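Look for subunit A in each of the two complexes below; its partner is subunit B in the first and subunit C in the second.
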Partner chain A sequence: MKTITILAVFTVLCCLGIFLVNPALAGNPRSKIVVDGSTTVGPIAKSFAEYYMRMNPVVNITVSESGSGNGAKSLINGTCDVANMSRFMKEKEFKAAVDKGIFPVAHVVAVDGIAIIVHPSNRVKSLTIEQVRDIYLGKTKNWNKVGGTNKRIVIISRDTNSGTYETFEKLVMKKQKITQNAEYVGSNGAIRTRVQSTKAAIGYVGLGFIDKSVKAVKIDNIYPDNNSVSSGKYPIARPLFMFTNGYPKLGTHLHAFVTLYLSEKGQEIIESIGFIPITKY
Partner chain B sequence: MKKIRIHPGNLGKQLLSTGNTRTKRILSFFGHSLLFLITGVSVVSVLFIFIFIFRDALPFFKLEGFKEFFTSTKWYPSSDNPSFGALSLFFGSAIVTTGAVIVSVPLGVIAAVCLSDVLSFSLRQIMKPVIEILAAIPSVAYGFFALVIFAPLLQDSGGNLLAISSWIVCTPLILLITIIGSGLLASKISPVNSLYIRIIAALIIGIPLFTGLWFLSSHISGIQISSGTNALNVSIILGIMALPTVVSVSDDSLTAVDRSLREGSYALGATRAETLIKVVIPAAKGGIVAAVILGIMRAIGETMVVWMASGNAAKIPHPWFNFLEPIRTLTATIAGDMGEADQVTGSSRYHVLFALALCLLLFTFICNLIGEKFIKRSKKITR
Partner chain C sequence: MKLQTRKLLDKSFTGLNLFSAFLLISALIIVLGPIFFKGIGAFVFKGTVEYRRMIFDQFGRGNKEKIFKEIAYSQKARKFIYDNISDFEKGIIVKSYIKETKKIYKEYKEYLSSLELPNPHKNELRRKSRSLYSLFIKALESTDKEKVENILNQILSDPYRKRFDSTPMTKMFHLVTRYSEIVNQVDLSNREVYLENLIDLKDQLRTLLGPFPKDPKPILPRNQYGQTRWDRSLVKLNDVLFIEKYDYSDSSEMGQIVQYPRSEIFKGTTVEHIFSYLEDNRESILLPKTVFYWRFFTDVPLDSNIFGGIKPAILGTFYLTFGALLFSIPLGIIAAIYLTEFAKENWLIQLIRTCIGTLAGVPSIVFGLFGLAFFINTIHVSSSKSVLAGSMTLAILVLPTVIRASEEAIRTVPHTYKEASLSLGASRWRAVLTVILPAALPGILTGIIISMGRAAGETAPIIFTAAVSVGQPLKLWETLSQATPALSWNIYNLCTEHEAVDEIRHVQYGMVLTLVLLVLLINIIAIILRARINKRLIGRT
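== the complex of A and B ==
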C-alpha cells in the first residue's frame, strides 16, 4: 500500500514538472527569422525566404501559415519576428501587443484583389457589388435573377478564420451576416476546387488563385487584374501586411527581409505568384 | 502465468534471479514503478483532457448561459454581435452519424456474418485483412476522395446514382418479401402445395412492388443535387470509414460463439440460415451492439472528412431529414474555428469551442461506457 502511495505522489510530481517547463525559454539567434501568419501572404513570404536564403546562406528563415489572427498572436507572444497579415491589426490586438511591450509596425508588401469566381460555363459575366452582397445574404437565390440560367446558387465562402473572409465581410458584406446556406471551406485552393466542379457555384479567392478552370466576373464593370487592382479601380482589393516589432534595425537581416518587396527582384517575385506590387518599376 | 524452471547449468540466469534479496527488491521496485509510470501516463492524460476541456468550457456557460447554445440555430461566432446557437451543429453531427450508421451497420453486420459463418477459412484469411485496410487509410485521403471525386459525381449524376442504389437496395428486399409472401398466400388460397398457385401468388405480390419501385426510382432520378458536398456524401464516406470497426468487432463476437451452440442447432435439424438467424446472431447480440456503438463513435469524432466535404453550412436542412443539403458538424466547427478564436480577439468565441468539445467528449464517453458494458456481457454469454 505504501509503495502505491509513494508512486502516486511521484507521478503527480512528474506531471507538474512537465507543466512547469517553459517553452519560451529558448532564445532566438540573430541569424534566424521566424515568420508566421496569413495563408494569403504566406506564398510571398516563402518565395522571399527562398530567395533570401539563397543569397545569404547563414540566415535561416522559417515560414508558417496559420492565419492572420494567429500571426498577430505569435508576434504579441514574441514567438515570431514577422507576422504576415492579410488585414490590418485589430484594436484589441494592438492593445494586447503594447501591453506586452511589442510595438507593431506595418510594412505593406503587396496588394491583393479578391475576385468573385464562378464556373466557366456560367453565363454571368458581370455583377455589381450589391448583387454579390444580395447573393451572400441569401436574398438572391437563383442565377436567373442576375442574368444567368435557372439554377439555384451554391454559395461558397472561406472559413471565418481567414483574412480573406474578414476582408470580404468588410468590403462586400458591409458587416452584414452571410446566409446560413453558405458553405465554408478551409482555403483559397479549396474554394477554387469547389467552384470548378460545381456549375452553380459562386466563390471568392485572392487574385493569385484565378486560372482557366474558373471564371472571374467583373465587379461594377471592372475586371480584376493587375492594373485595376493597383490603381484602386477594382472595388474589392486590400493591402497585404508584414508586421514587425518596431522598425527593424537598419542593416540587419530582418530589415533586409521585410524590405525585399521594394527591390526589383522582390517585385518580380510578387508578380510571379499572382499578387500586385505596390510600386511600379 | 507461466513458471520458468531454471536449469542448474544455466548460471547467468540463476545469478540474475536469485541474488541478494535486498538488491532484488530494489530492482523489482524500480521495475514496477517504471511500468506503473508508463501506464499512469495514459490514465493521467485522460484525466487532464477532461479537466482542461472542462476548465475552458466553463467560462462560456458563465458568459453566455445555456439557453442560446442549446436552442438557437444562429451560429455567427465571428460577427460583431456574435450569436452562439449550436443546435444546428448538434443536428449536423447527429444527421451524418445517423447516415453513417444506416450505411455501415447493415453492410458491416452482413459482412461479419459472411466472414464468420459462410466463407471458407482460407477465403476469410484474405478478406478480413483487406477490409481492415479501410481503417488504415488516412482520413484526409477519404476527405480528398469525397471532395474531388464523389461531390462532382453527385452533382452531375446524383439523381441517377440514387435511383440505381435504390434498385440495388430494394431488389433483394422485394424478392425476399415476394418469396416468403407468396408461400403464405399460396397456403391460404389452397391447402394443396402446387407450384402453379405459388407462381400466381408471387406475381400478385411481386408485380405491384416492382412497379412501385419503378415509379419511385424514376421519381428519384429526376432529383437535381445542387451541391455535392452535403450530408449524404459525408454519411456514405463516414459509413465506409466505420465499416472496418463494425465488421471486425461483430466478427470477433460472432466467432466467439461456441461451436457447441451451432452444432446443437444443426443436430435439432435447423438449416444454416435458421442457425445463423435464430442461434448465432442472438448469442452475439451484445458484441454486435458494441460494434455499432464503436462505429458511431468513429463517425461522430471524425473531423477531416466532414470539414472537407460536408459543406460546413451551419443550419438545419429543410425539411430536417433532407440529406442533400450541406450541414456543419461539431468536430468541423472546432477544427475550423480554432485558428482565429483566441483570447485576444474575443473570449466567448474561444470558450464556445471548448463547450462544443465538452459536449462531444461527454457523448463519446457515454458511448464508450455503454459499448464496454455490451462487450463484457457478450463475453459472458458466449463463453
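== the complex of A and C ==
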C-alpha cells in the first residue's frame, strides 16, 4: 500500500523533474529585460526579443502585450524596463513618472499607418476621413451611404487603453466621441478576427496586421502601404515608441536591445513583419 | 396520490435523469471532441521537407545525409518552376538586361582602346557600337511590341554586324537574339500588369516553398522556410493556383467570393505551365511524411510560436499551479482547523465565514488586479511580474475552495474520534493533528484537486502578475523574480493577439489539448492518491 503511494508521488516528481533538471541546475540566474505595453508594437518586440535572445542566451527577455496605457503604468511603477507604446506619453503620465523619479526616454522604433479595414466582400474601396469619422460618430449608419450595400455598419474599435485608439481618436475623430454602438475589443488581432467574421464590420488596425482576410480601404484616395506612409501621404500614421527609464547605460543588454532597431538586421525584422523602418537601410 | 400517477411521475423522473445524463455526455463530446482531434494535429501530422529542414537547422535534429538528399530531390522537382519564372522575368524585369548591356558596352570600349587601329577607324566603330547600344536600350525600355521588333530586327540585320565578330559586341548580339525570342512570347503592353502579378505570385510561392534559390537569407525564421505542414501547404497551394476575387456585380448584396485561376493571368507565357506542374508534382516538391512530433512538449517556441513547441508555457503552468498550492494548502487547512475546532460561534466568525464565501464569488480578474496592486506595486515581492507574484495571487483565488472543502471534511469526521483521543489524554492539538486531519484527508484532497485544476486553467489572475507572451523556460530559482509564459494565457494570446492567428491554429489546439491533459493528469494522480488513503482509513476502522 505505502509503496504505491510513494510510487504515485514519485511519478509526479519525475514529471516535474524532466523539466527542472533539463536545464543544468548550476549557474547564475540570467539577467532579465521586462518589456510590456502596446499590442501593436508587440510583434516587433517579440521578434526583437527572440532575435536578441538567440544572439545572447544569457538574457531572458519577457514580452507582454497589455496595451500602451498599461505599458506606461508599468514603466511609472518601475515594473518594466521597456514600455512599448503606439502613442506618445501623456502629460499626466510624464508627471507621474517624474514624481516617482523615472525619466521616460522615447525611442522611435518604427513608423506605422492605421489602416481602416472592412470585410473583403464589402464593395467599398475608398473612404474619406470625414466619412470614417461620421461612421464612428454614428451619423452614417448604413454602408449604402458611402457607396456600399444596404447593410447596417458594425463598428469595431480598440479599447480606450490602446495607443491605436488614441491615435485614431486624435487623427480621425478630432477628439469627438465614438458612438455608443461601437464594439470595443482588446487587441489588433481581435479587431481583425472580428472584421473577418462579420461582413458588415469596419475596424482599424496597424499595418502589420493586414492580411488577405481583411481589406484595407483607401483613405482620401491613398492606399496605406510602405511608400504612402513613410512619405507622409497617408493621413493616419504614427510613430511607434519604446520608452525606457533614462537612456540605458551603454554596453548593457538593455541598451543593445532598445537600439536594435537602428541596426540593419533590426530594420529588416521590422520590415518583414509589415511595419516601416524609420530609415531606409 | 394514485399509484398510477406515482408510477408515471417516477418513470418521467428516471427519463429526465437519463436525458440529462445524455445531455452532459453529448456536451462533453461536443466540447472535448474537437479539442482532442484538432489538438492531436499539433503532434501527429504530415510534415513536408521544409519541416525537416527547419528541425535540422533550428534544433539540430535529423539525419543530415538523408535530409540533404531530400532537399536536393525536392529542389530538382522545383527547378521547373524557378526556371520558368526566371525566364519570364527576363521579359518583365528588364533591369538585368540593361545592366548586362551596359557592361558589355563598357567592355567593348576597353577592348577598342586596346586595339592598334588608325584613329578614324576606331572612331567609326565606337560611334556604331554606341548607336547599337542605345538602340537596344530603347528597345528594352519600350513596351510597344511592333516598335521593339523593328528595332531588334534593325540591330540584328545591321551591316556592321560582321565587323563586330569575335569582339565583346557579339555578346550583345546574343542578348538581342534572346530578347527577340522572349518578346515573341510575352505581351509587352501588359508589362506593368504582369509585373504586379508576378511579384504577388512570387510572394505566394515563397510562403509555400520558402525563399527562391537566389534570394538572400531572410532574417525571420518564418520567412526562411516554406510550409512545414502538409495541410497548410494545400491551403497555400490553393492560394498559388487561385486568386480570391470578389464579385460585386449584385449591388443589393455583399460581394461574392470567386476563385479566379492564376494561370489565366499568365496565359500564353512560360509561367502558365507551372500551375498544372505544381498541382501534379506537389508530393515530390514537398515530400510529405507523417511525423510524430512529441517534442512539441519539450521544444522552445520559435519566431512567436510559429515553429517549435510550448515548453516554457507548460513549465510556467506547472510552476504557477504548484506555487499556488504551496501557499494555499497550509493557509487553507490551518484556517479550516481554526474555524471548525477552535473558533467560538460568534458574529466575528460568522463574518469571516461570509467573507470567505464572498471571496469565492469574486471575479478572477479582480484577483489579478489585486495581485498587481498589492504583491507587485505595494509589497514588492518581485521587481516586476513574476511566477512568485502569480502563485500568490492564484493562492488567494483558490483559498476559499480549499478552506471550504477542508472545513466540510473536518466536520464529517465523527465526534467520537475526537472524544476518544481526548479521553486517552491527547492534547487538543494532538487530537487534531493525529486523528482528525488524517481522517479528513480524502475530503481535503478533493478540495485541493479542484483548486489545482482551477489554478492551472485561470487566465485573468496571471495577466498582470505572471504571464507574458514571450519568454524563455525558467529555472526553479528564477521563478522568484521572473515572469513566464503559461498555457492558459498563451492560448488566449495566440488566439486573439497574435499577428498570424490563422497560421498557427494547430499550436492553439495543441496548447488547449495539453492544458486539458495536464489538468486531467493532475486529477487522476490525486484521485488515485485519495482512493488509496481512503482504503487505508477504512482498513483501520
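Here is the rule we go by: the second predicted complex is superposed on the first by the 251 of 281 C-alpha atoms of A that agree within 3 Å, B and C clash if a C-alpha of one lies under 4 Å from a C-alpha of the other, contacts with A are read in each partner's own complex, and residues count from 1 in each chain.
As a convention for this text, a residue touches a chain if its C-beta (ideal position, glycine included) is under 8 Å from a C-beta of that chain, and two chains touch if they have at least 3 such contacts.
On a predicted model such as this, the values are computed, not experimentally measured, just so you know.
Contacts of A:56 after superposition on the shared chain: neither subunit B nor subunit C is touched. After overlaying the two complexes on the shared chain, residue contacts for A:93 are found with subunit B alone; subunit C is out of touch.
In the superposed pair of complexes, A:120 makes contact with subunit C only, with no contact to subunit B.
Touch criterion not met for A:128: it reaches neither subunit B nor subunit C. By the touch criterion stated above, A:43 is placed in contact with subunit C alone, subunit B being left untouched. In the superposition on chain A, no contact is made by A:259 with either subunit B or subunit C. Using the contact criterion defined above for the overlaid structures, shared-chain residue A:142 touches neither subunit B nor subunit C, since it reaches no partner.
Touch counts on subunit A: comparing subunit C and subunit B, the chain ahead is C. In the superposition on chain A, contact is made by A:152 with subunit B only, not with subunit C.
Once the two complexes are overlaid on the shared chain, A:208 sits against subunit C while remaining clear of subunit B. Looking at subunit A, you'll find residues 11, 15, 66, 151, 186, 190, 193, 199-200 touch subunit B in one structure and subunit C in the other. On the subunit A side of its complex with subunit C, the touching residues are 1, 4-5, 8-9, 11-12, 15-16, 18-20, 22-23, 25, 29-30, 32, 34, 36, 39, 42-43, 45-47, 49-51, 53, 60-66, 74, 77-81, 119-123, 149-151, 186-190, 192-193, 199-200, 208-209, 211-213, 265, 268-269, 272-274.
Residues of subunit C that touch subunit A in their complex: 218-220, 223, 239, 244, 246, 248, 251-257, 298, 302-304, 311, 314-315, 318, 322, 376-377, 383-385, 463-464, 467-478, 481-484, 493, 496-502, 521, 525, 528-529, 532-533, 535-536.
Those residues of subunit A whose C-beta lies close enough to touch subunit B in the complex are 3, 7, 10-11, 14-15, 66-70, 72-73, 76, 90, 92-93, 96, 151-152, 154, 159-161, 165, 175, 177, 180-186, 190, 193-194, 197-201.
By the touch rule above, subunit B contacts subunit A in their complex via residues 29, 32-33, 36-37, 40, 44, 48, 73-80, 88, 147-148, 151-152, 155, 226-229, 307-308, 311-315, 326, 328, 336-342, 344-346.
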